[in-house]
Amino acid sequence: MELIVQGIIKAFELIISFDPEVLGITWLSLKISGTATFISLLIGVSTGTAVALTNFRGKKLVISLINTGMGLPPVVVGLFVTIMIWRNGPLGFLEILYTPYAMIVAQAIIATPIVMGISLAAIQNLSPNLRLQILSLGAGSLQMVWVLIKEAKLPLLAAVMAGFGGVISEVGASIMVGGNIKGYSRVLTTATVMETGKGNFDIAIALGIILLILAFLVNFLLTQIQQRQQAR
Amino acid sequence: MKIFRSSKVIETLMIAALLFALGTANVFAAKQEPKQKNIILATTTSTQDTGLLDVLIPLFEKETGYFVKTIAVGSGQAMAMGQKGEADVLLVHSPDAEKKFMDEGNGLNRRLVMHNDFIIVGPGSDPAKIKAMKSSADALKSIAKANALFMSRGDNSGTNAKEKTLWKRAQINPEGQKWYQQTGLGMGQTLNVAAEKKGYTLADRGTYLALKKNLGLDILVEGDAALLNIYHVMEVNVAKWPKVNISGAKAFADFMVSKRIQAIIKTFGTDKYGSPLFFPDAGKKVEDLGK
Amino acid sequence: MTEKSIIEVKNLIVQRGKVTVLDIRELSVGQGRSLSLIGPNGAGKSTLLLTLAGLLPLNKGLLLFAGKPVNDRTSLAMLRRNAAVVFQEPLLLNDTVYNNVALGLKFRHVSSGEISRSVDEVLNYFGITHLVKRSAKTLSGGEAKRVSLARAFAIKPRLILLDESFNALDPPSREAIISDLQNILEQTKITAVLALHDREDTLRLAQDVAVMSAGKIAQYGTTAQVFNHPDNEFVANFVGTESILEGIVKTVSPDGMVMVAIDGKIVEAVGRFCAGQKVYCCMRPENVTISNNIQGKISARNVFDARVNKMIRQGFLYKLILDCGFPLVAYITPPSCEDLGLKEGVRVMASFKATAVHLMKREK
């Protein structure tokens, strides 16, 4: 109990004093997970929408695969990405193992199926006639897709939250492909694991609290947008 | 009728995705430091957990312009990385495994850097009555006899390798015993588990000292020659793995054994823990250590 | 039809999976005409509308818009840009009424000033100017319907395709919307294809009617032709049994009796109409009495000498298609039928009360 109180006090000390290392770690976490979420959004929303709107053989199988992908274990992704990009791996020439880029890639792989699955469901949930209605008003294919995406923006925001929440709190893949290098690829989760290992529970708790606050703030912001949209 | 297919939609989306991917690739290319700048140092957790590398690496980077990516794992995994050419230089403490690593031609230029010692720690109540025993083998025998809980790292790290050697010397096979448990975690976490469960464990002195304040575990056995914890630096064999940054690896290894750094190692931790965590040994022979 | 054809299909086959859902040899809607598609659920009305809108692939056959085949991207885009579909559901976007109505214009990259003007105009037309800033999700059913109609008319389409959609509304809103739609169709002379359930709606909104059954067109013609001269039993049964006749009011008496001339015969009815007005006269078959000869006891105002053109067994009754100089439908029980010795070709007396005649205003 004393440890938790200490941790909370330490957390506020670190936050209030703008500890440069903690700030750096927090900022890096945001940048990496934000970029990964953004990438997953581009790929996930487009692919999810495309799958939802087209009919092809094996569509059910593809949807099952996407839904399975929503639960991809991060360590499996971490392992897979590591094997792909290590020096002697097929993508070794990129030389991105133990870099923030590798973390972005791994996190994007984790978040993409989540975003894709939710987008797919969101677009499928729209009335099938809506698509025809939009086309009949003279929309081109892209205009039609854009209107549908806009129409499904509430569940899509949920997809962003789920994707971001999934990757910012993820540690297994990040530590494997990022290496937890100080000032370079150390993010809130990997730092928390390390500080726990070092027995610095107060700092670990502090980092954990910052992570929580961060996740809360981002979700709060998105929820605000969502609620405002709904109320309109 | 072809015109009704939404293939155009997919096409467009795919092109968009591709453009984005290319864009990202450009960012990657632009931000990537020149290849030879990066050094991957695979090392044991103890060098990171004690904070030693946090002091040394910035010095090295500042002096040489190299960028060191420290991957802190167990010695076993560190050598596995070296074996696959996925690291450039290793700083590890598992001498038997290191010899095998060298014999298989995976490493170059194995040099002694420093040592400290392992200690057997346990709860103050000391149920196996091992306190102040001189021989680690006797202590382990007593633990086994008393069926007292012993936490093993079980992760193939240097400490774990040392622990296995010690059991062998004590002629005990603890595997599968009820009182013998494996955490599969790093040193710091294993110490915490041992503290929680009031068990014994083998730890390196550096990590123990760094964590001591929260633990409630006492040093029970120390000073046995068998408990020496010796760190070597090795460069990964570039002949075997051409992508290894050999000049960087050599620069780092040279740095570690240089007089100035050895002096820093000698005093590291004194201000914080009252005694040094490591003893610099560059240029010495293993046989002379601890004497 | 002499007008230039706006939308036309030839030898059309549309399949869903392996099931043929539309099989239409020929259908053409002329410029300014308004065609009502009627038929039971599943007859293919909605499918035909979507096909005409260029929203469904044809398995076989030809679709022509303004005389030109729709067979490539350009012609399809041309059709889609000039046709507006109003679905059964309002299908409004989660946005303001303004943005919903402006949607089609935005797709056409119309300037915002132009959009604003067009939206104002069409909102005004449908009497929903006050809703302009409202969120579409907060509208009542009738309001939403009006917005979806306004959205379709905002793009000034050459062809409007409207799927039957008024049944869910409460009677006053339904009446008001149909009335507005009737006005806009008449004023704009826009070509329209409407899938309707109701015969009365058909009379009000359309000049032509196509009765559909199982993906085929069972009969196609003007409303009067189809309703009064069904080609076959299916059509006869489906178009209902009411006789609907076009007439003109000749004289009106102060006590409210209206004399209507139909094909040279005079039918007496009750209602508030004035001389010279065009009307529909509707007579329900159960109100028509059949007898052998005038036996001096008939109290009905309308008595006609009629020929039995057709006898159709319908459940427990016979349905008689009579010719009294104008077509008339009557029901009769089998025993009465025997008593009167009815069969096709015999002559009978048909009578009905003046109050049994339902008069409707006729525009065309």
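Residue numbering begins at 1 within each chain, and the chains themselves are lettered A, B and C in the order written.
In the analysis below, a residue touches a chain if its C-beta (ideal position, glycine included) is under 8 Å from a C-beta of that chain, and two chains touch if they have at least 3 such contacts.
Here the structure is a predicted model, which means the values were calculated and not measured.
*Asks:* Taking each chain's centre as the mean of its C-alpha atoms, give the chain farthest from subunit C.
*Replies:* Farthest from subunit C by mean C-alpha position: B.
*Asks:* By C-alpha centroids, what is the most central chain here?
*Replies:* Most central by this criterion: A.
*Asks:* Provide the C-alpha centroid distance between subunit A and subunit B, rounded to the nearest whole angstrom.
*Replies:* 31
*Asks:* I'd like to verify one number: the distance from the centre of subunit B to the centre of subunit C, where each centre is the average of its C-alpha atoms, in whole angstrom.
*Replies:* From the centre of subunit B to the centre of subunit C is 85 Å.
*Asks:* Please work out the Cα centroid separation of subunit A and subunit C, and write it as a whole number of Å.
*Replies:* So the centre of subunit A lies 55 Å away from the centre of subunit C.
*Asks:* Sort out for me which residues of subunit A touch subunit C in the complex.
*Replies:* 127, 129-130, 132-140, 143, 147, 150-151, 229, 232
*Asks:* Report the residues of subunit C in contact with subunit A in the complex, numbered from low to high.
*Replies:* Within the complex, subunit C contacts subunit A at residues 50, 53, 55, 77, 80-81, 83-85, 87, 89, 91, 93-94, 96, 103-104, 107-108, 135, 151-152, 155, 161.
*Asks:* Please output the residues of subunit B touching subunit A within their complex, sorted ascending.
*Replies:* 6, 8-10, 12-13, 16-17, 20, 24, 28, 31-32, 35, 38, 40, 45, 48-49, 54, 57, 67, 69-72, 84-86, 185-189, 191-192, 210-211, 213-215, 241, 243
*Asks:* Quick one: in the complex, what on subunit A touches subunit B?
*Replies:* Those in contact with subunit B are residues 3, 39, 42-43, 46-47, 49-50, 53-54, 86-88, 92, 94-99, 101, 141-142, 144-145, 179-182, 184-185, 194, 196-199, 201.
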